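Below you'll find a set of structures to go through.
Two complexes are shown next, each including chain A; its partner changes from chain B in the first to chain C in the second.
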Partner chain A sequence: MNESRFKRMKDLPSTHLLGSGTPMCSGCGGLEALHEIYDILGPKTVFVNAAGCMTLLAVYPFTPFRGSWLYTAMASAPAGAQGIRDALDILIEQQRLPVEEDLEVVVLTGDGAAYGMGLSSTSGAMERDLNFLYICYDNEGYGNTGQQFSGATPHAARTATSKGPHGFAGFKKDLFSIWAAHKPSYVATVIGAEPLDLARKIEKAMQLKGPRLIIALAPCPTGWDYDPRESADIGKLAVSTGVWPLKEYVDGRVVHTKVPKQRQPVEDYLEKQGRFAHLFEPQRNEQLLQELQNSIDSYWAEIEH
Partner chain B sequence: MYRIRFHGRGGQGMKTASRILGSAFFLEGFDVQDAPRYGAERRGAPIFAYVRASRQAINERGVIHHPDLVVVADDSLVPVPAAAVLQGLDAHTVTLINSHTSAADWQQRLNLAGPVLILPATEEAEDRAELPFVGTTCAAAAARLVGVISRDALAEAIRTELGALGSQLVEKNTEAALQAYDLMEPHAGTVTEGKAHSASGYARPDWIGMTVEDVDLAAPSIHAAATSVEVKTGLWRTLRPVIDYDRCSRCWWVCSTFCPDSAIAVDADGRPDIDYDHCKGCLICVAKCPPHAIEAIPEHLAQAAEETNA
Partner chain C sequence: MTRTLLTGNAAAAWGARLASVDYVPAFPITPQTEIIETLAAWLDRDEMPGRLVMLESEHSMITAAGAAATSGVRVFTATSSQGLLYGMEMVYTVAGWRAPFVMVNVSRGLASPLTLEPDHTDIMAARDSGFLQIHCASCQEVLDSVLIAYRLAEDHRVRLPVIVNLDGFYLSFTREPVEIPEADAVSRFLPPFDAESTRFSASAPTSQAVAVLSGTPYSYFRYECHLAAQNAITVYDEAAAVFASVFGRHHEAVEAYRSEDADIVFVMIGSFATKAREAVDRLREAGQAVGLVRPRLLRPYPAEQLLRLLAGKRGVAVIDQNLSMGMGGVLHTELSAALYGKPGAPAVLLSFIGGLGGRDITPEEFYEIAAVTRQAAEDGVVPPPRLLYSRDEHREVTKLQAIAHTERNELESKP
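What follows is the complex of A and B.
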């Protein structure tokens, strides 16, 4: 594989492809990640989207993209991608489309689709070794419908459907491992708050063929309940507290691309978000806080030793 | 029947305002409807919510077209056509605006037939999280203006609607709400119930003749890229980021990389330029600029300064 052209921050794009004027919330962490990703992907892309916040990006006659967009049912974006990939391949084979005009087929869905409803069609696409890229922006809930919990909601978070004193009783699914177990070409986690790490991973994914899947943690001021100006700082905290491990799966191996040296306590991340406020008031829930810290510590204990 | 419409931006708590006022009416023995109405756009975009309250069963449904009271939580919405703040106002309608500008000025600007009242706006704090929900104060002011809701019913409605957010927030909001309630004391009862509408009085809209267009006119295929720039999301902003070019170190365009909305362009010399037609005012750039060269100022002050300079 070629050496990355993104060695330092100055190598990041200073002009942007994604159009302004989208209906996403002010301070949307998912949009921040998408705009950084799109700069690396370039305009020769076609997006396949499943229902979620980002469906609203391309509402006729407005689109922030420079190419086409296909909207599918919530569970079937990877199936839509198969159709487009096949059509492009046939056109190229019949010499009706020059090879230089080939497009990268990019699935774009939220976590509700990726971790839940769309998991089976994604599994099928990997099974068929479909040549496509999957971008999941993970705001840890059904954002578009008012932040109900999803398979990506973290333990103890308040959502519209988990309001009690302990928040969400379930646990966030390990989608990275579920995807990697299919042995696709590439799986990675990214976050908009770490743009250099993100750029290198998207660049690497573009150099590969076959199924390539990316999960971008997407801080969401509306669903996570914090001031929009904090979006990038909360993203950074997700990494420095060890909540969101930045890693990639390639050639059958998992590599952590950024191991926080001195992990900050997870509280620093939690206390900034209204969805965890019940852990701190009316009184601190020491037991639950400790549980959350322990689960992060045990994850990293396995990585670090 | 009372018909009340709240106008604000996504994130300012208009849905909560309608729920608090609705619950307060309910506690006073009224039949109530309350509902928010928003389109595809989100936090920052104009939304409205409405409340109907009556001692009799409510047979009306849908959006309120002729309100007895219009509450405007954010005065920058008044001139925005998409917000439709002024729709259906007549001599009977009271307009309450959360604003730094006086009632006389608004009356002159808008030439409204009905009375205009002001809910003095709290200075938009640097840290929005410090602000009590403007929605709660709007609901409280409305509660006083109708004159049939007690302080106790209001406080209980706030506890019911905000309880899940924790006792601290409930306390803060209740305090701000009761202040707004008391502030409206001199106008208690200014808002009175509008006439009942009956189905028999309903006038059908006139028919509008539509010609059948060719398909390429009726549903043109658009091949242009990034057409979203035609949507001016700068109207959502309540705080404006302003770059101090003496302090800007022309870094590796941190502001431009992190701006979710592609609203900061950087020229060949590394000089950043904010596109105020599209900047939504999230202030991520303010938080991230390494030498702290970007400052946030309230949008209404920025606009006032622009007007004086022009």
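What follows is the complex of A and C.
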């Protein structure tokens, strides 16, 4: 692997490719990540989208992308990527398309598609060793329909369908491990609030072939219930509290790319978000807070061991 | 030109091979599987160029087919029944992409109860999707229709995907003598796919299948799709005429068999229409002026041709191999809509449901249908739709129920 051209923040691209004025909510952590990713990927791309918030990026007759776009359906964006990748390969092979006209095929979906309905088609694409990049913006719920809980929703979070005193009873699915179990070329977690780590990972993914999958935690002001200006701070807290481990899977190994030296208490992350307010008011739910802290501690205990 | 014994499935595969398809996204399902197995074997042995990819579901298969067609390659795929329904979201979606490719559907009854035997309820579910539909009654027609379907799908005035439909078992696994056209004759009939602007490339970025935010652009694109489908009537006629001039075989949008001087006419689609054809011959021998009208093209609906062929008839019997629950036969409903209020429309239009899940329609039943239709024409009274079923069949089911009850009672009586 070549050494990264992104050593410091000032090495990040200063011109931005993705157009502004999209209908995403202000403070959208998914759009923040996509901006940063697109700056590295560039316009020689075709985005294959599944139903979700970002479907509204391209609304007739406008698009913020300088490259191409195909909307598919909620479950089958990776299969759309398969069709395009195969077609481009066939056209190049038959010399009907010059190599320089080739595109990087990029699946773009939310967590609803990635963790649930689209998991089968993603698994199929990995099993077929499809040469593609998958970007999941994970705002931990069915955000576009008003934040009902999904397979990505964390334990205890209040959502539109888990409004009880304990929030969501289930646990966030470990999509990183599910993906990695397929032994694809690359899997990584990123977050927009850590742009250097993100840039290096996208850069690395672009140097590889085969299935390369990225999960971007996407702080979501509307779904998580906080002021849009807090997005970057909440993103940083997700990393510094250890809630969102930044890591990558490559060559059969998982490496943590940013291990917080002294993890902040998870409370610092939770108390900023209305979706966890019931853990603090009307009185502190010590037991549940401790449970959440314990699960983070036990994750990192294994890593730091 | 040689004639070879081919199953309907092999004929479909030959159609794809002769059309020089670039890409075959596939998924197995009975009774279609032989089509993709045949293509896979040819591709493995380098007997045809192209690429086959096995997807993990029909939903993904149709997505990949549409995506590849919108990227500018010629695509073939095949499915059946439950598979068609599993992929139904994408059947509608890729038609809206205006992705021109060909999909063979091998008709099979839908669950529940689960069956492998044929009827047309599966294909009727795709009726309103934007896919055009060609229905076949012989293995030769299957091969020829695949070639015609590409010309139709890729025509600049149409640009829609096409389903070529054949009946499971009755055509899919039945060997008939089929003329396999020479490749150079095919190239005279079917030019290479010109994707025009429907493609993805670095220097010409495009956004396809984007969302709309209101009924105005939505209606615009939906109407465009409908108008393109209607254009396909003319384009089909042209294609069938060229096909006849190149290959000498005629595949009009609607086949008329001894119907010109008939006073009673059967209307059917698919391979069971050959049973109706046989019954027509027997009835003619008995001195009855009975004929058969068989639409090959069902989408777009050849309303004018049907009106022309049926005008002035005393009675028409539509035999549907499908059942819209709570309404009846789909073909009967559509023909009623097409004929209503038109000058010369036949006075009585009767509905019969038969052949569900591979159930036979016997010659005697066709004779009875003709007699009932003639009586209705004389009385001027249309009887209610009839669900074909014999006393013997009813007895058979009663017997199965009796066995089930006996078995259960025996089990329950054991300590």
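Here is the rule we go by: the second predicted complex is superposed on the first by the 305 of 305 C-alpha atoms of A that agree within 3 Å, B and C clash if a C-alpha of one lies under 4 Å from a C-alpha of the other, contacts with A are read in each partner's own complex, and residues count from 1 in each chain.
The criterion applied here is as follows: a residue touches a chain if its C-beta (ideal position, glycine included) is under 8 Å from a C-beta of that chain, and two chains touch if they have at least 3 such contacts.
What you see is a predicted model, and the numbers here were worked out from it, not measured in a lab.
Taken together in the superposed arrangement on chain A, chain B and chain C fit without clashing. Put simply, if you stand at the Cα centre of chain A and look at the Cα centres of chain B and chain C, the angle between them is 90 degrees to the nearest 10.
Look at A:Phe6: by the touch rule set out above, it reaches neither chain B nor chain C.
Once the two complexes are overlaid on the shared chain, A:Trp179 sits clear of chain B and of chain C alike.
Once the two complexes are overlaid on the shared chain, A:Trp224 sits clear of chain B and of chain C alike. When the two structures are aligned on the shared chain, A:Pro43 is found in touch with chain B and with chain C. Within the superposed three-chain model, A:Gly192 lies in touch with chain B and out of touch with chain C [touch as defined at top]. When the two structures are aligned on the shared chain, A:Leu91 is found in touch with chain C, with no touch to chain B. Within the superposed three-chain model, A:Cys25 lies in touch with chain B and out of touch with chain C [touch as defined at top]. In the superposition on chain A, no contact is made by A:Tyr249 with either chain B or chain C.
Applying the stated contact rule after C-alpha superposition, one finds that A:Val59 touches each of chain B and chain C. The minimum CA-CA separation between chain B and chain C in the overlaid arrangement is 6 Å, rounded to the whole angstrom. Once both structures are placed on chain A, chain A residues 43, 56, 59-61, 63, 65-67 are touched by chain B and, in the other complex, by chain C.
For chain C in complex with chain A, the touching residues are 22-23, 25, 50-51, 53-57, 59-61, 63-73, 75, 89-90, 93, 200-203, 205-213, 217.
Contact residues on chain A toward chain C in their complex (touch as defined above): 43-44, 46, 48, 55-56, 58-61, 63, 65-73, 75-76, 78-84, 86-91, 94, 96-97, 100-103, 120-121, 123-124, 127-128. If you check the complex, the residues on chain B that touch chain A are 10-11, 40-45, 127-129, 164-168, 220, 222, 225-233, 236-237, 252-254, 256-263, 265-266, 270, 275, 277-278, 280-284, 286-288.
Touching chain B in their complex are the following residues of chain A: 8-10, 12, 14-29, 31-32, 35-36, 43, 53, 56-57, 59-67, 158, 163, 192-193, 195, 221-222, 226-233, 274, 277-278, 281-282.
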